[in-house]
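First the structure, then my questions, so here it is.
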Amino acid sequence: MSKRVVSIIVFPGSNCDRDLEIAVRNHMNVKTEYIWHNETNLKNKEMIFIPGGFSFGDYLRSGALATKSPAIKEVIRLSKKGVPIIGICNGFQILTECNLLEGSLIDNYNQLFICKECFLRVENSESMFSSNLNKSVVKFPIAHAQGNFYTSKDDLKRLEDNNQVIFRYSSEKGRVSKISNPNGSLNNIAGIINKEKNVLGLMPHPERAVDSLNDRDGIKFFNGLKNFI
Amino acid sequence: MIYRVYINFKKGILDPESEAIMKTISRMGFSSIKKVSKGKFFDVEISKTKKGLKDLEKISSDLLSNPVIENFKIIKK
Amino acid sequence: MIYRVYINFKKGILDPESEAIMKTISRMGFSSIKKVSKGKFFDVEISKTKKGLKDLEKISSDLLSNPVIENFKIIKK
Amino acid sequence: MKKLSKKIIEEHGLTEKEFSLIKNILNRDPNLLELGIFSVMWSEHCSYKSTKKWLKTLPTRGRRIICGPGENAGIIDIGDNDAIVFKMESHNHPSFIEPYQGAATGVGGIMRDVFTMGARPIANLNSLRFGSPKHSKTKHLLSGVVKGIGDYGNCVGIPTVGGECSFHESYNNNILVNAMCVGLVKKDKIFYSTAKGNGNPIIYVGSKTGRDGIHGATMASAEFDETSNENRPQVQVGDPFMEKLLLESCQELMKENAIIAIQDMGAAGLTSSSFEMASKGSCGVKLFLERVPCREENMTPYEMMLSETQERMLMIVKPSKVKLTLNIFKKWGLEAVEIGLITNTGNMEMFFKNKLVGNLPIKPLADSSPEYDRPSVKPKLKKKKRNYKNLSIEEALIKIISSPNHSSKAWVYNQYDRSVMCDTILSSEQGDAAVVRVHNSNKAISITCDCNPVFCKSNPLLGASIGVAESWRNLIASGAEPIAITDNLNFGNPEKKEIMYQIKQSIKGIKIACEALNYPVVSGNVSLYNETKKKSIFPTPVIGGVGLIKNINHAKGFKMNEGDKIYLVGESSGHLELSEYNMMCNNFEGYPPSLNLKKELKNGLFVQKFIQKYNNVVSGCHDISEGGIILALAELAISNKKGLKIQSKKSLKELKKWLFCEDQSRYLLIIKSDEEIVRYAKIKKIKIKKIANVVGESFTVTNRFDIPVKKLINYNNKWFKKFLDK
């Protein structure tokens, strides 16, 4: 195992921290360290994950209350230095709430929590987060009530023009249409990166697709991250 | 005609959301903020008839609010 | 001192909840109801200082609302 | 002291006899606070006064049983120092009043019962009964309850992996919401609720106490009348985030060797938790009520003792660990307070601002709680003349799969996070039971919830036995060895002789089946007075079963592959009474199919052993229940999006009976080759028959009809969407 250590930020209401930790440890071959939300100093600055869950109960707006915690302030600072940061589900919501990523994740179009398997078309394999996924279609589950990606028309155009969209909800064959859009996201967006290309947010859960008993596309995702720490 | 229907929790009902928000505000160090309590409102456009207002009252109690835990108040905008 | 902070969606943002409510209202046959749009408010108690109001403005824009999708307005109660 | 008026005593749901018993115990009149405590402790909900006598007859012991009824939840041994903690509990009345909060707090309550014992919850299930879809309230109740269950479990991060959801007019004004939670604990890290140690501090942690659901426990024991719609009692609001904080902080504290006893504050809140802990340990308690954290101003001792505010725990800790305890809770942002201590007086002494406001003997109060042997009489089943229809096989099949009770429940389960914790191998739509891996191991547990109220109404004893057998069968079909059950007994008013008959017979039916199948009861819950306007629900004894899969590769669901063959295990007599087929034809009369428990055991063990021995040739397995063979086959086709060809040389009349009959103790095994099963069945003297092949894209009954599976799927997917969009 490599000596490198990846940081995982933990809030009292995080509930995918353990699952993520296992996926990272097993499929990135690194050590991991949990960072409690009120820590002000991150020892390991090579790569930071923000896991899914309900950080502070997801009251107000999902992810909003979490942005005020010391650890996130540190994440914001480190993001400016180019440290790779990955937010999954609630992590993505936190990243948009603290403006490290554009847009906002509002209520699913059907007003319900949705848990199901989704196919995702990988849009951009130049990004470090998706280089291993090679413009393929992958299958990760989603489980959220606020995953409906929204942003202004201009911002959306900029995101698309800059190739910042990484994952889009699609059919098994990669067709992107209304039918394959589970939550109403603009342009079927499931995951984006920032302009500087070091911050990724995605609603689906790759850490729930690393098991020999289920789907394994998540393994490719984590394997691909190995080269960037 | 536009009316605003205000909805808030009945007295004594647990409001975990307001509590969580208040905790965060304190953690952020804003000592001048003493208490937060949340409510919602609906701006409803109705036709200018007697029936309009009656219908509004009906949907306010039956649909917009949950009378078991919430109160509502209709105010002309 | 209590202030009320009103928050609503920016123009042009699709609000699934308001849409769903409007659909239900039409289905229920209330033809006099034309449009519904949702917002929320916070009643905030602050200390009677200059700082109090400034702090309130700060948390209204930084925490209570999300500028990508929402506007806010502070009104003395 | 002011004498309590007759009216007040009545309002507390106590009979005259019960009140004089109280005076005898105290040698004086109780004051209002004490009366309130007696009333909740002696309510049906807390004292089980109508059912205690019968519950005692249930089998509760077994090789794998670590803890049976009497604690917060039951515990079974699954080897390797691992144990499984589980229980089911109802939240029927609150969910009818406020479906979202009622169901949510039901889930919260049962999870606390499980993690109170040291276990980490690993799966939630639920059993839901709503009124007729035509009833005006059903839609609102359905959407609120499902959302409430989902939101709560999702937020805490426990997968909701299965359950049942069905509709029947007998639940029109009294829905059933039964929630089950299953947790995992190391055998040597189990916590119990027996208080010990004179002088040991009592710690309160969690939400501040409000005036929520005061008298909820007595309310749950009183029949609904027409006015309860207006006189709505205060409902409890759930805070799943607080629950998550309690769960994590308790788990952290439980590593510290600090806790002597721990108990959640459930029904009757501080009263029942403190009384039960003290009574189990035969000790006394001193409470200083002004220390109880309160959400509202001017709360009285009466309100504090009786409040049912959710997300609160009570624990006795070692004096030397108080500081550490408070620090751990602080880390999680929780308020924890030392509100009292254990004494050796045997009394519950309640102080408020230095004044003794109540003083009750604990043991007598608990031990002499009333126990009734209420009279019972067999109800006469009314015969109703109806016009029976006659449906073709195809018509009936389509009618069944598009009916509310057998339509795809995707709308429901998609609202439940089933994949969090990454150990869900099968959620309940993928097999007869949900299968959840024991984290970081090669074994799994299998879980299911079952009841057939239509059978129970016609014959409560047989119906309840069938419920137990069906849950056992579901576990077998999933590849497990069934271990034990929890039960949730939902009935009407026990003061009515006909209802008491249903209760007694159902418990007897459970007992008989559990004994025959070596499948004991480790925990449970009773919900009575499920009546509105004098109309009672169908008797609904819900069974929650748990089994063990020692080798995770033996877990079986509905999976089948092109070329597989489907074998029927067990015998069919053609019993159509009370079957889905008959009901579709408007015929609701008759008796449930008979149940031969010896045969049940024999067929089940055959399937179990066959899976273990020949795992590699078994693609999947499905038991046969409502809807008979044809529905079981259709479910397989729909779930796999694959065609099936069903062969039979029977005459049309015989064929119909055979396809739709609901005879018990039968399974479908989906097998890759014939040789092994034919040989093994011969050795074990089991009747098997190849009845279908997995082929193509059509569902075919040879020479009778043929329908594309896509079309079946469409029929199956329509109902919920249409109903909810209406």
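Order of writing sets the chain letters: A, B, C and D. Residues in each chain are counted from 1.
Definition applied: a contact is a pair of C-beta atoms (placed from the backbone, for glycine too) under 8 Å apart; a residue touches a chain by one contact, two chains touch by 3 or more.
Since the model is a prediction, treat every value here as computed from it, not as a measurement.
Q: Report which interface contains more C-beta contacts, comparing A-D against A-B.
A: Taking the two pairs in turn, the one with more contacts turns out to be A-D.
Q: How many angstrom between the C-alpha centroids of chain D and chain A?
A: 36
Q: Report, in whole Å, the distance between the mean C-alpha point of chain A and the mean C-alpha point of chain B.
A: Whole-Å distance between the two chain centres: 34.
Q: Find the geometric centre of each of chain C and chain D from their Cα atoms only, then give the gap between the two centres in Å, rounded to an integer.
A: Chain centroid spacing, chain C to chain D, equals 41 Å.
Q: Averaging over Cα atoms per chain, report the distance between chain B and chain C in Å.
A: Computed value for the inter-centroid distance: 10 Å.
Q: Give me the residue numbers in chain D that touch at least two other chains, ranges are fine.
A: 239, 241-242, 333 - these are the residues of chain D that touch more than one other chain.
Q: Check each residue of chain A and list the ones that touch at least two other chains.
A: Chain A, residues with two or more chain partners: 56-57, 59-60, 65, 68.
Q: Indicate the residues of chain C shared as contacts by at least two other chains.
A: Residues 63-64 of chain C touch two or more partner chains.
Q: Which two-chain combinations touch?
A: Result of the pairwise touch check is A-B, A-C, A-D, B-C, B-D.
Q: Provide the residue numbers of chain C that touch chain A in the complex, in ascending order.
A: Touch list, chain C to chain A: 13-14, 16-17, 20, 63-64, 66, 68-69.
Q: Within their complex, state which residues of chain A touch chain C.
A: These residues of chain A touch chain C: 60-61, 64-65, 68, 96-97, 102-104, 106-111, 148, 150-152, 184.
Q: Okay, in this complex, where on chain B does chain A touch?
A: Contact set of chain B toward chain A: 16-17, 20-21, 23-24, 27-28.
Q: Considering only the defined contacts, which chain C positions touch chain B in the complex?
A: Residue list for chain C touching chain B: 6, 8, 18, 21, 24-25, 28, 30-47, 49, 51-52, 55-56, 58-59, 63-64.
Q: Applying the document's contact rule, which stretches of chain A touch chain D when the two form their complex?
A: Touching chain D: residues 12-13, 15-16, 18-19, 22, 52-54, 56-59, 112-116, 141, 143, 145, 205, 207-208, 210-211, 213-214 of chain A.
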